[in-house]
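The chains carry the letters A, B, C and D, assigned in the order they are written, with residues numbered from 1 in each.
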Amino acid sequence: MVNAIFILVIGLGAAFLLGFLRDKRKLAYVVTLAALVSMAWIAARWLLFFAVDGGARTEIFTAGTLPPFAINLHLGIAEAALMLLVILCGLFSAIYMQNTLMRLGRRMMSVLLVFVMSLCGIILTRDVFNLFVFFELAVIATAGLILLCEDKRTFAAGFKYLIISQIVSILLLVGIIFAYHASGSLNIDDMAAMSSGTLKGVGSLAFFLMLMAIMTEAKPFPANGWALDIYESAHPAFSALFSAAMAGAAAVYAIDKLLLIGASQWLPVVTAIGLLSFVAANLLALVQTNDRRTLGYSSVGQVGLILVVIGQRDILGEHYLYIVGGILLSHAVAKAGLYWLSGLLSQRKLTDWSALRGHPLLIFAFVSFVAMLTGLPPFPSFYAKWDLVMLLAAENRLWILALILIATLLEAGYLFRWFGYIIKREKETDKQILSLASHKLAVVLSTAVISWGLAYLWGELSAHGNLLYALPLLFALSFLLLDQLPARIKNSLSIAGMVAYFMVSYPTYDPLQLIFGAIFLLGSSVILLASYHVSGRRVGFYPSALLMFAGLTLLIVAKDAFHFFAAWEFLTIGSYFLILRGKHSEPHALSYVIFSLGGAFLILAGFALAAQGISPFPLESLAQVAKPIAPWVFLLLAIGFMTKTAVIGLHIWLPGAHAEAETDVSPMVSGILLKAGLFGLMVLLMNMGKQSLYGVELTYVMLWMGALSAFLGNLMAVFQEDAKRLLAYSSIGQMGYALFGLALMNQLGWLMALMFVINHYIYKSMLFLSIGGIAKRTGTRDMYKMGGLIALMPLSFIAVLIGIIAVSGVPPLSGFGGRWIFYNAILESEYRLPMMLIFISGPIAFLYLFRLIHTIFLGQLKDEHRQIKEAPFWILLPQMIYVVALMIFAVVPGLAMRHVDAYLSPFFEGQGLNWEGFTITSHYGYWSPVSIMIVVAVIFATLFAWLLFVNRKAQKVKQFNIVYSAERPFRPETTHFAWNFFAPYRKALGFLMQPYVTRFWETMMDLLHSIADLSRRFYTGNGQTYGIQLLAFVVIVYLFKMEF
Amino acid sequence: MVYVAMVTGFILILMGLYGALTNSNILRMIVAFSVANTGVNIVLVAVGYIDGRTAPILDAAVPVAEAAVRIIDPVPQALVLTAIVIGLGVTTLMLAYAYKLYEIKGTLDIAQFSELKW
Amino acid sequence: MIDLMLLVTIFFAIAMIGAALVAIRVKQISIAMLAAGLVSLLASVMFLFFAAPDVAMTEAAIGSGLTTFLFFFVLGRVRGDQRD
Amino acid sequence: MIKRFIVLLFLLGLGLVFAGLLSGYSADNELNLTGRYYAEHTAQDIGAANIVTAIIVTYRGLDTLGEVTVLFLTATIVAVLLGRGVAQKGKSLQRDLPKSGELLTTGSFLLVPLILLLGAYVFINGHLTPGGGFQGGAIVASAILLMLLTDPLRHFSHRLISIIESISGLFFLGIGVLGIFLAGGFLDNRIFPIGEFGSLFSAGAIPVIYSLIGLKVGAEFSSMLVNFSETEGS
């Protein structure tokens, strides 16, 4: 094995060698690359030696003398990995900057080499003064590399950095010399080995100065204005190095090393600084519009997170390397990738990134990087964050846990908003923003490949198993490769895959899983039939949809909390991509993903609290969670799941997301995705049962939430003009029923909730499809703009008719069955007051349902609609399937329900229903679906025949044009009878419709933004102010540390 | 004596920092930093000093055998040497930057170079 | 003897602080630069008392000599901007 | 005014830290472990009379390598920084400068070789007497400075400077690497015989290394000076 000191020697030697190559730029460039490649090769060999052969860490002595009398270097797996990261980052940046380096000549190349070399030196050395020397080298090289950019402002940024580094080196030198005086050594291990007595008094102060100085290189908030200016103005390839290699690898590793000396009493300081940076930087990033500055803030935040992990290493034990490595590498790869990506664009506004649209590979790279940064599966940061959160909760460090999750949510917020810009913002066609040089492209794409490689690696190393081995996930990912195929072929493949998967796996499902599994797999296959109506390639649709379905499929079979949560994240992300595809869905998709991730983090926190360090944590163990924390676990999980079911208060994301989605996506997210929340609630309630907190029974609260959701959801649906929004609000109400049923905590309630799962899937999918088909033909979703479509779209009419009968729960369709079980269930329990709300919401539902059929299909046909045709065949086909399914389910509900009933009965003793033949009996009566169907059919047939008979002489009336009295009203729609149809009710109940909740969340957002906008003014841009801030930072940390 | 030097060093550091953080002229900031650097060097040398001993050079006056009790600690001196040279490097770089900044804007007022902010 | 050394050290210390005060407060930059060079030069003499001839040489040659020259080189280029 | 006050306030805080350092400081009466080791072992192991030199060149040779690299970097970056957009080739820098006096020109003509010689002496004897590569390098550079002062328009060959810089740097590295193979480790000076203690050719590779450092530092300082002097005044 080659001595690792050759990494330094080669870097330096090549830099010196370049002095000979004044006019031979090409050769100089080749030498630079060759040096970097050979450095990387040495580091990689060592990494393999440690990782694969299990080699022990080695010491490299210089000057033939043992430490502490000469400088020594340490080489272990962490050093090898970090050096490989740094060198590869340098290599990629060198390739990326080919043109710039060639233009500026050999000098810049040697500066780049020295920069990379000095970072390796920082990582390797075990001597504090040597650390100082390498840091100074890195600082000076930074000041040089800043010049790579043509931007005149970079000069100022470089100077600001030099001011800071002057202060840093003063602090560091004073610290070093007093540490030397206190310990008699300059060697880190030596100092660490001394009794902690050396760190009292002078030693401790000296250590404090050293720590603060090195900490500054990690750019902690608020002493980091200079770094942001560099990030904003420097060459993106250098920013990549500066963020990923210098701050994110070398500086944090130096801090890690230094902490060997400071030991545990300094860990809280590092944690606090890291947390502050993580939260503040992500908050400030919310109001940024410049892409590179945004990335800079994100970088500060991520390094802060790494600092938190370092500060928590006392509880991480053997997981420390895995966790810190996962987060560190994720940040490095993703951040460098994003910076390199930003170099492809010539404009600096976040919205200008819409230029990426039409380049699926680049978008894929972007998504991978963003997912890595936010810690989504299957990337290393996900595994790492999971373990971190588990351990934090086990040690009861809940504040840290909470702040980490909040800051992560903030980060997800602006990153996904950015992604929304890419997908949805108008491209400026007159400007050529994107330039795709092949070497730059190669760098970006290979970084994306590396990100997936790391995802695989971390999965392999994980104690929970590799997520990438899950078949449904692989199936979804494989569609990334197939994305060039025509949509119809991909559609057939998806349907075939999902049906086949169901066929193979259903024997292993229990009845509950079977119901959900059938909906998730077969149900979505039926909806996918509608997707045949789209021609072309439909890039991005199938990977997203299948990712969501993969998440759903994995969710129901998840055995432990880790896999449950991973599946939850998958379905969240997949559905977010799906929703984002809608034409005007950008803000709605964003609010969806923020609420969903917020909910997901609550779930994560809940699991962490429950597990108390047990890993893996089986879901059944939720039942064994002990008393004082059990209700809190319940609360966190319940709110998390209820975010997904859009309970009132957490519902504001739903209407927009469901209504603005594409025609075939709306039924997927409404009919199928919402059930994931119910499934989660069932798992929760089944295992934890009733919990009470401060004397309040939590299931009782849920009952009220369900009742309120049912009532208010339905009420809001009544006043919608937009048919799809109406259906969306109706979903809130429907989910309220289901929640209510579950919260009743009796068998009938549960049965009814499961009935709802099936029913709601069928009729909501059907209604969304038919309304979607109509909207497609008429070009509008506003009901008052339609009318009289019954003759033109009879099949859609039938679907809507059947649908609303089913929804409203009147006989003979299955909705009635649901209601029947429901009322039985209510009678079983003693909650009368919420029950009233539920009863009232029934008729309310009827109001909006009536409107759906009345305004769209009856009345007069609009002029502009005379030529329209029935909805496309492929959209109609699933509707007709649903009609049949509804009929069957109405006649023989027992097909599915009796198994579930049997499955549920062990949980609730002696409350089951009696299933005999076609009749179902409860304590309060019996229900025979078949006879009801026959009775209703007879009544219907009789009435219909009578009507026909009476109306046989009916005349057709021609439509006439209404002429306003020589004047057009200001808003023409106000004169339409169907506009604001329920105005009288609005007068009575309008006070309930005030968008309190929306206003609440909007105020929250405004507040966050104003805070961010105010506090970022703190970075005045004046280098001197930055210097004062650094000084203030040091002094304040000192005063705090002295306090404790 | 050591304390006098050390106090002087610390005072120079603080004075230098004060000058660097209050003078808005870039050149004057650099001058102030070089004063602070000198202060650091004094502190470093003072830490290595032991009263009544001689320079760590072995010659006729300090035979090898008595070295351990006759000389002062050589390590801080070695560190100061390095620190001085590195300080020169940074100062030079700052001066070059100052020149460049002047060329861009025709002023040396640090407050004028704040386009990058927030 | 020792007292004399102490006195001389104190004298140099006061001189240095005085020069430093000039360096950070005086109106003309050129004088400030010279004062900073003087601080450095005084320090290098002081290093001799502290049995550090190597450091003294370096400080004299680099800290006060070379640095001051570089200062003046740059000052010569940016003259005309003398406001504070 | 407020700014000054704030700065004063925080400097007071920093002063508090320093005061803490001072009040807790107790001067040593004995050499500490490291210092004692150097005092006792330098003569036998390294063979250098000047212990500071032994530390700089050998024990902490990696620092010194870094230090030389700092100067190398600085010189390089200054060249990039000041070379940009200034001194377009062909356009000579004809400025109306007063001719330097006859005395100065003649004086420098005589002095420059002497100064160069002194510089060389300082760095070659670094292991015996105070001084060494850095001090010698600075002296060498002062000769260049003198030439610049007498004739500001004199053109120095950047190429020559950078080749001296590169060669001495590479040799420095090369000797360091030889240490890995021939002696105990990177930058070990015992690749050559240690020789008789106190003589010029002793202390193994130290005189060679220090001479290389002297050359390199001299070249780097000169490069900085030349670059600064070639910038055009505004």
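The rule is simple: a residue touches a chain if its C-beta (ideal position, glycine included) is under 8 Å from a C-beta of that chain, and two chains touch if they have at least 3 such contacts.
A quick note: this is a predicted structure, and the numbers were derived from the prediction, not measured.
Asker: Counting C-beta pairs in contact, which comes out ahead: A-B or A-D?
Answerer: A-D
Asker: Could you grab the centroid distance between subunit A and subunit C? Build each centroid from C-alpha atoms only and quote it in angstrom.
Answerer: 59
Asker: State, to the nearest whole Å, the distance from the C-alpha centre of subunit A to the C-alpha centre of subunit D.
Answerer: Comparing mean C-alpha positions, subunit D is 54 Å from subunit A.
Asker: Distance from the CA centroid of subunit A to that of subunit B, rounded to the nearest Å?
Answerer: That pair's centroid distance is 50 Å.
Asker: So the centre of each chain is just the mean of its C-alpha atoms; given that, what is the distance between subunit C and subunit D in Å?
Answerer: 19
Asker: Taking each residue of subunit D in turn, which ones touch at least two of the other chains?
Answerer: 3, 7, 11, 14, 18, 21, 25, 28, 32, 34-35, 38, 50, 52, 60, 63, 66-67, 70, 73-74, 77, 81, 84, 130, 134, 224, 228, 231, 234
Asker: Which subunit A residues touch at least two other chains?
Answerer: 129, 133, 136, 140, 143, 174, 178, 180-181, 186, 1028, 1031
Asker: Can you list every residue of subunit C that touches 2 or more other chains, as numbers and ranges?
Answerer: Subunit C, residues with two or more chain partners: 53-54, 58, 62, 66, 70, 73-74, 77-78.
Asker: Which pairs of chains touch each other?
Answerer: Chain pairs that touch: A-B, A-D, B-C, B-D, C-D.
Asker: What residues on subunit A touch subunit B, complex-wise?
Answerer: Counting only subunit A, the residues touching subunit B are 129, 133, 136, 139-140, 143, 152-153, 155-160, 162-163, 165-167, 169-170, 173-174, 176-178, 180-181, 186, 225, 228-229, 232-233, 1016-1017, 1019-1024, 1027-1028, 1031.
Asker: Residue numbers of subunit A touching subunit D in their complex, please.
Answerer: Listed in rising order, the residues are 3, 5-6, 9, 12-13, 15-20, 22, 60-65, 68-71, 104, 107-108, 110-111, 114, 118, 121, 125, 127, 129-130, 133-134, 136-137, 140-141, 143-144, 147, 174, 178, 180-181, 184-186, 201-202, 205-206, 208-209, 1028, 1031-1032, 1034-1036, 1038-1039.
Asker: For the complex, which residues does subunit D have touching subunit A?
Answerer: Interface residues on the subunit D side: 3, 6-7, 10-11, 13-14, 16-18, 20-21, 24-25, 28, 32-35, 37-38, 41, 45, 58-63, 65-67, 69-70, 72-74, 76-77, 79-81, 84, 159, 162-163, 165-166, 169-170, 173, 176-177, 179-180, 183-190.
Asker: So in the complex, the part of subunit B that touches subunit C is made up of which residues?
Answerer: Per the stated touch rule, the residues are 1, 4-5, 7-8, 11-12, 15-16, 18-19, 23-25, 27-28, 30-32, 34-35, 37-39, 41-42, 45-46, 48-49, 51-57, 71-72, 77, 80-81, 84-85, 87-88, 91-92, 95-96, 98-99, 102, 106-108.
Asker: Once bound in the complex, which stretches of subunit D touch subunit C?
Answerer: Against subunit C, the touching part of subunit D is residues 50, 52-53, 122, 130-132, 134-135, 138-139, 141-142, 145, 221, 224-225, 228-229, 231-234.
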